[in-house]
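Below, chain A partners chain B and then partners chain C, in two separate complexes.
Here is the complex of A and B:
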């Protein structure tokens, strides 16, 4: 008897999504889908607003990575006011924005690894949900939990010092930044916020290395699981610096195929529409981007930490570079297609962000006073950057009265839409094929596959193990055969 | 003796203070003196007593005004004068006047006015450049507005961006009339005027006259607007957090005797 399994909502991700898994008469998985069931409409309701509001308005897309949206929009506005396309700002403006962004990357990656992902890794994805949550981590690994809290705090304080607030600040403005970094703030970040040496730049680097070591240790004892779970070949896309270095703030577009061959070769971010197209499917509010030249069937790609490390040539900070070399050696220089290795890549980036924060804090340019430049105004702005979850595209057109007339946003998770669907299917096939009964660990396994991508479906979920979850089995006629609920 | 407009008795002829042109009155039980002809708001301000205003504005360096404004449009300054509710910004003082100002009843009334202003317009504070420097937002904090008691009107409002230096956003306009009264050409011609009546009331801009206004006048127009309805074009959010008007002390706290009863986060001074 054909069946349909529904997991709704998906937990420990940002926002609301649901998964449906269709089984045939023999309990074989025939199709799996990740549905994004929220409609938000930012692209429409920014129209009619003055362009300088955009960096503040669109960051409400997210409560975890608002800085990324803020900066992507600000970069587009830089183009509008004639301040270049990511390389025309004053040194203080460019470096303040970079510091803000590395603070964002750092706190977001830490949040994901410790808060969202670590319960699955520390306790196993089939552990009792009463234990498999962040409270369980706090109770059984208090030192680790404390580190996680302080690391996230450090990133958030960096954001507050550069953007004005920890969430939804206003630091980046068209053509620059509205403040520099005070010497007091700089010294506090270098030596320890409020005199606490645990909140210093060096401690962040040390703890990032420790988190990476923890993951590698886990990998050594769970190699088969981490390498095989939801693994599949794909293209990978990200921005890189023109010399091939990992650059999370600005770069050119590069993509590689499953073998590592370049299929998008260093395209200017302003020409993103020559590279990427989006497909609409009836069952999801999220579009499906693909590389235009390859078409929707062959051109879908992954973004985010795994993709970035597959695309770049090197990482411009020494400790992260050493970790990157180990990461690349594991797949003998070829692209890494193992979804669970997103966690590995994410922690290498966490270490890189920690190193970059220290490097920037030591740069006297941050105390400069030349904050904003403007040039010749134009009617179109495009801003791309690498958000924690992947490449972020912001594109605006503005009329002569300064009001936005068109907005196109391709957010990181949208780029990962097709891969996440494939990851869901891979996990479902592995967990549910031939099974007549749904168990909580089976459901969680599907969610683990999604969580690896750290999707940002919006910003409304929690991780207390009480999120309402309903899984329903339907027969071919639509009748309910079985139903499991938790937290409802 | 003659009866004044509030029903109070004008004692100026017999009052010994009349020779100095001063009058005695009480606000919330505190006896104060103020000059004859002043409004209750002016008298309170002079004596360090806070009465909230949105449309009324005192003349000072910060406002750039030579004369106080008292349009009487917003009614947030509603007090009880000799037992009758009235707008304090348009009511002149009288000898012996008894004013109730900082009372739970009146503060709840003021909170209601703030709520009505919020639901009647489309005040999207998070993306507003005036956020943190907005008098309406500051009053919402002062009166601890959490969620409005009234349904949102979702009134369709226009945005006028046909001016080279300014943008007027009808979504945030509270029709206070400050811009109508204060922002004028050197020849005294108004740049902003009221149009229509009742719930169709709006502000229209003389788009011809406003083309050539100075940067200073454009900035004054933005500064004098108590909300974010008048915004400078081409720049924005250049005041960082921590340097905005109400970042460190809530509205009214600069008035010496302002009550802290309903003041969120403010120090009674």
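Here is the complex of A and C:
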């Protein structure tokens, strides 16, 4: 009997999503989809507002990624006020923004690894769900859990010091930044917040290395799982510095094919519409971006940590560079297509962010006083950056009254829409083909595949909410034959 | 001389989504009241690092909007909630308390103030009913904090 399985919504990601898996009469998976079932039209919310409000307004889009949206919008506003396209700011302004961004990358990656991914890795996808969670991690690995809490705290404090406050930060403004970093704050971040040496820049680097070592150790004993689970070939896209370095704040657009050949060759970020197009499909509110020249069938791509390490030539910080060389050597210099290696790439970026935070904190430019630069005002602004989950596009048009008339956002999770759908299908085929009964571990396996991409459906759908899980099996006639609910 | 206990009112939610910002608005109201010993903080949502806040205060009150039917607001002592089998990028207040309890072996006094919300769409500002409910919750909390301070100060 043909069946349809629905996982609704997906847990440990934000927003409203559900997974459907269709099985034919022989229990073969015929189709799997990640659906986004809610859309609230954030772009319309921004239109009609004064452009200088955008860097604050867009933080309302998502409580998970407010800093990424804040900075992407600020970069677009830089262009509007004639302050260049992300590389024309004063040293203090650019470096304060970079510090804010690395704080965000750091705390976001730490949260994903310790809070969302490590339960599956430490206990296994098929472990008892009552144990397979962050409390389980604490009970069995209390020191690891304490480190994770302090690492999150450090990143959040960096954000607060650079953005000004936790909600609706105002640090980045059109053409610059509204404050520099005080010597008091600098010393606290270098030596330990509130005198606590566990909250120092060096400790963050040390613990980032330890987290990476933990994953590599896990990899050595679970190679088949990490290499094979939800693995598939794809294109990869990200920003890179013009010299090919990993650069999460600003760069040119580059993409490589599954063999590593460049298919988008270092395009100015202001020309993103020449590179990327989006396809609408009837069953999801989340669009499907693709590389224009290749079309929707061949042009879809991955973004985020895995893509970034496949696209860049090197990482400009020594410890992360050493880890990057090991990462690239594993696939003999070819692009890495293993979905679970997102975790590996994410932890290399965590280490890079920790190194960059220290490097920036030691830079006297952060105490500079030349905060803002402005030039000739124009009517259009485009800001791209590499958010924790991948490339983030902000595009605005403004009328002569300074009001926003057009806003286009392509968020990181949307860029990964097709890859996440493929990951779901890959996991479903591997776990459910030929199985008469669908178990909780099988359903969790599908979610593990999605979670590797660390999606933020809050950004993608512009909604925030609790994430209970419902799995329903339908027969060919649409009747419910089995149903499991958790967290509802 | 009596010591004043350290009290934190922590509002969370998104002020860009109408009544979802009630907890943040309440924290702002408490901050404006400038009560001795009371500090305020706010964020979009709670997360693991907020467990550290519990170690830094004698009393923590989380404030958030609720869709549940309440008579303007609801106030209760929070219990640790270890049932975090399925979580998101955010944590519930009970899970933050459970996290703290597991990490540090203590369960400090933490209360939850839930404020009734009517609408949670992408729009700035509270609804009229959300505003009334937040004002009522603020009045109650200011009085409650003053009582707590009086009782607690004699014990410190």
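We take it that the second predicted complex is superposed on the first by the 477 of 488 C-alpha atoms of A that agree within 3 Å, B and C clash if a C-alpha of one lies under 4 Å from a C-alpha of the other, contacts with A are read in each partner's own complex, and residues count from 1 in each chain.
FYI, a residue touches a chain if its C-beta (ideal position, glycine included) is under 8 Å from a C-beta of that chain, and two chains touch if they have at least 3 such contacts.
The structure presented is a predicted model; accordingly, all values stated were derived computationally and were not measured.
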item	value
Room on chain A for both chain B and chain C (clash or fit)	clash
Partner chain in contact with A:156 - chain B first, chain C second, else both or neither	second
Touching partner for A:139 - first (chain B), second (chain C), both, neither	second
Which of chain B and chain C A:166 touches, first, second, both or neither	second
Partner chain in contact with A:91 - chain B first, chain C second, else both or neither	neither
Partner chain(s) touched by A:403 [first = chain B, second = chain C, both, neither]	first
Chain touching more of chain A, residue-wise (chain B, chain C)	C
Touched partner set for A:115, first chain B, second chain C, both or neither	second
Contacts of A:60 with chain B and chain C, given as first, second, both or neither	both
Touching partner for A:130 - first (chain B), second (chain C), both, neither	second
Where chain A meets both chain C and chain B, residue numbers	57, 60, 168
Chain A to chain C touching residues, read off their complex	11-14, 40-42, 45, 57, 59-60, 63-64, 66, 111, 114-116, 129-130, 132-135, 138-139, 142, 145-146, 148-150, 152-153, 156, 166-168, 456, 458, 462, 464, 466-469, 486-487
Partner chain B, residues of chain A touching it in the complex	48-50, 52-53, 55-57, 60, 81, 164-165, 168-171, 173-174, 178-179, 372, 401-403
Residues of chain B touching chain A in the complex	126-127, 129, 159, 161-162, 167, 231, 233-242
List of chain C residues in touch with chain A within their complex	14-17, 20, 24, 41-45, 47-49, 51-52, 82-90, 95, 98-99, 102-103, 121-123
